């Protein structure tokens, strides 16, 4: 290739949003796992792009079939474990597949209570939030990121916002008591020494998820907030302090504004009681919280909406 | 007017989707109520339509203001009680407003657990389902309908579908064991003697909602289903049997198909374990369950997506 | 049945949202039709609900198959013609099916321009709006309703709103020049003498749709508005005047508020130039426009979100 | 900071989705511009995160106000020009703001035809697609990316897919004639010599957008496709060949599967005529098309969903 030639740059492809429901029915007490799985491959796919030569294109239909076949053959376990198995398969079985991203959303269900007992095989969708997982493979290196999204939380007090700079376009009054509400999207990367992911695969991802989530929410609840940024950092710091195996966290947190309604025209006070919950625009606060000295690892975050 | 003249038919107008968050902060332990309120007026609005004469048009902005002002002055209580108050206000204060529909969605929150205790003023959105309420006023008559929507439930067994007619376009095999999944939208009308709604207003709508919901879900769980229609009817029957004050129920229940994946090409059995959760198309089952002899009351259902 | 027994009320069921794309390839110049079809049956389905007896339940899967088979056997033509054929089929072939609702959304495509000419077989989705059609069958009577939805229109002047009543909750200022914006959902019912639908079936629904749409939009554009209600009525009146075969129109039109931004704090005037387009809440204006003396026909509107 | 300390990583914040409608009313013939603007700042915001010190936090509310004030003071022009002005303002007026991302969606409107003429001040929303623009500032360097999203296109022939590898999970048959449909999301970066963006700012972005879009669609239409990847690359190559000022393109293109319906059970052939348009899962093809020798510039793509 000569300078100025038009060439293929970075690329990936795969099957997105394979909706998988796995029922475990070893006994009368069924278990249910409900995921939305996406598989994306990276590697040498240049001939397909430039010449329509598909001899190295593992069909996206094949990737989908593999998701369902693996669910039967190995079960799911945790989304992270399931994705790690998919990643190994594609990179080991197809020499020209040098990496990829495997990601999942997992939806939670709880047993319906009947006759005072959780039912054996009837479930109701639980929670508005979604658990997420991303596995990245790049050659010999594997990265595992766990997360959650649409976790909507609100504090009716314990939040203020003041001391910000005022220019000619500033009209916002300062406040020492407001509603703070956000919908947390968070990712946290598990420590995985490049070149060897044994440690990561042994992790109990289900237990880890519940523990990290609890720390995040508890910090949101108890931390007195002078800015959503400060709350975000406190949440990330609490997670990193509590879980040494976690290398870094990333957050994307919209500030879901709740505006105090002006009731003065109707002769009413409104001491922090009646709010209009606005849709748009909204503040959007995004940051990583990391351990000093840990090198950046952009390969771990490929394809994750980012900000750096 | 002469026959053939073009005239105004049925009509209503109002403000839709007033997002209201009400914090009760009488003590350090805050309470939160989160609603989406719609107010629609019916009455004599002909001059506005035909001549642009707005002298009887209570501005939709005024309807919105009233929602927020009432939330402060009276609190919310239950969505049904809040809507009844709005309905009375508009029909009593504006003589030409002869009726209307006031409806709400209510979102539930649960306290975040911190230090092992539910927190005083920090909350997380709970559940995927939404509680709904509709109040209809038509002259002297008031109707109250409670409901829920987006209540997604699934049975991993205890459901079959067979014995259906086969014509030249029928390919569906019979099954004696399938996943049954649906997203329940239900409405139930509380008994309200036309001309006197005292009884209805005294109801504890919050307790009623929880009790009706529990009966519906328990019936879904325990009833062996030979068709989603049969499950629907059983759910309605159970509610009407358990709650004599409820006059009728309506359900709209999509059959959220979970297709067993054919794993035979991969040499695998699939004994009811691995499913593809499909989006579209979906079955859609809708029915009313009523008490024999209770006359139809279409005015109660104005504006509610229906089928009769 | 005795009074007080719990019985099945109104009901219907079917397959919703069958996504159908039909390519006509009689020549090198392909035609494409893109629909979302829903079939719902009414009739004697009581045994299924009460006893799980499916011997009269035409499977929703069969209804779906019929949609695709008919698309091949007869083509689509217009959505109305396609739905009429489906309605006849189900009510004629299954004696216990006494009626139903067949509805469709149709998406429009335009040819991509290549080498200065519309391409033979490459298309781009056109327009944000969706054409809709509903066919109702009730015994010997058939009703045909055409419509559109998500047709978003805006006038940057030629709209005012004043003269409305002011109570203690009214804060809205009067205005003699505002943006008027709405997303039109409209339905219009074609004249069909009960008991004989021959006339309706002969209509050129495609030409009719374009003509009705043009009249609606032109009226929106040219009519000086003193309220969205007045604009709505003018649009319906214009349609009924222009098309004697149309019996009645219904509209559901949100008032998509565009709020003039207060730029005074920044030392700027804002003479109707800079607006904030709000999401929620929004005004919601709904009305029927009818011909005097034409009797109500609620059976034609079953299942269409209504207000009367 | 010592190694292992928990510190703030990359971060940004701002106001998202400011819905701006700008009417130009210099004459009776109004013009309308309709955008959704997001402003995000990067720089020294550490004290806010770690200590709740907001003295450098330009409030997101101020960012929003600036959007509306600038729309009035300077007009919009093109989304790129508008965003460039915002970027300059924030990085010049606040010394600690060293960069940021300013992005917009723009919605198109066409004049309603009345009396055979395009109307002066009445418009209908046009097209399903959305024009996008992103301006990145990083210190002295500015990057401008133009794009579009939700541009849905379909070819009813001229597409095949065969020759792909077959493993034990492969069931997809080869095809030499299929529907190819996708919803194009594309971005293209305008050449901007680092350290001097004068060239970029002089570009006629509106004309450029229309020209690039036309080349993309024409290539989609006329290029015989052996894989969606090949079509993607051809589209990017055509753009880079036609527009020397464009440095690189990125595409994210779902393969919107249209499955040929098996009508054999009904005794019907289906020679590429009747299709089921599926929702999920879908193929997802993503790639960059670049000029050989042009160095990667990840700063230009910060925050844009990516894959490398």
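We just call them A, B, C and D in the order they show up, numbering each chain from 1.
The rule we apply is simple: contacts are C-beta pairs under 8 Å (C-beta built on N, C-alpha and C of every residue); 3 or more make two chains touch, one makes a residue touch a chain.
On a predicted model such as this, the values are computed, not experimentally measured, just so you know.
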Do chain A and chain D face each other with the same patch, meaning over half of the contact numbers show up on both, or with different patches? same
Contact-pair count is greater, between A-B and B-C, for B-C
Return the distance between the CA-based centres of chain A and chain B, expressed in whole Å. 32
Can you give the whole-Å distance between the Cα centres of chain B and chain C? 23
Mark out which residues of chain A touch at least two other chains, giving numbers and ranges. 18-19, 65, 69, 169, 171, 265-266, 279-280
If you connect every pair of chains that touch, what shape comes out? Choose line, ring, star, complete or other. complete
Residues of chain A touching chain D in the complex: 1-19, 38, 40, 42, 45, 48-62, 64-66, 69, 93-94, 101, 161-167, 169-172, 225-227, 229-230, 232-233, 236-237, 240-241, 248, 250, 254-255, 280-293, 298, 302-303, 305-308
Quick check on the complex: what are the chain A residues that touch chain B? 18-25, 30, 32, 34, 65, 68-69, 71-73, 109, 112-115, 119, 121-129, 151-158, 179, 214, 217-218, 220-222, 258, 261, 263, 265-266, 268-279
Where on chain D is chain B touching in the complex? 168-169, 171, 265-267, 279-280
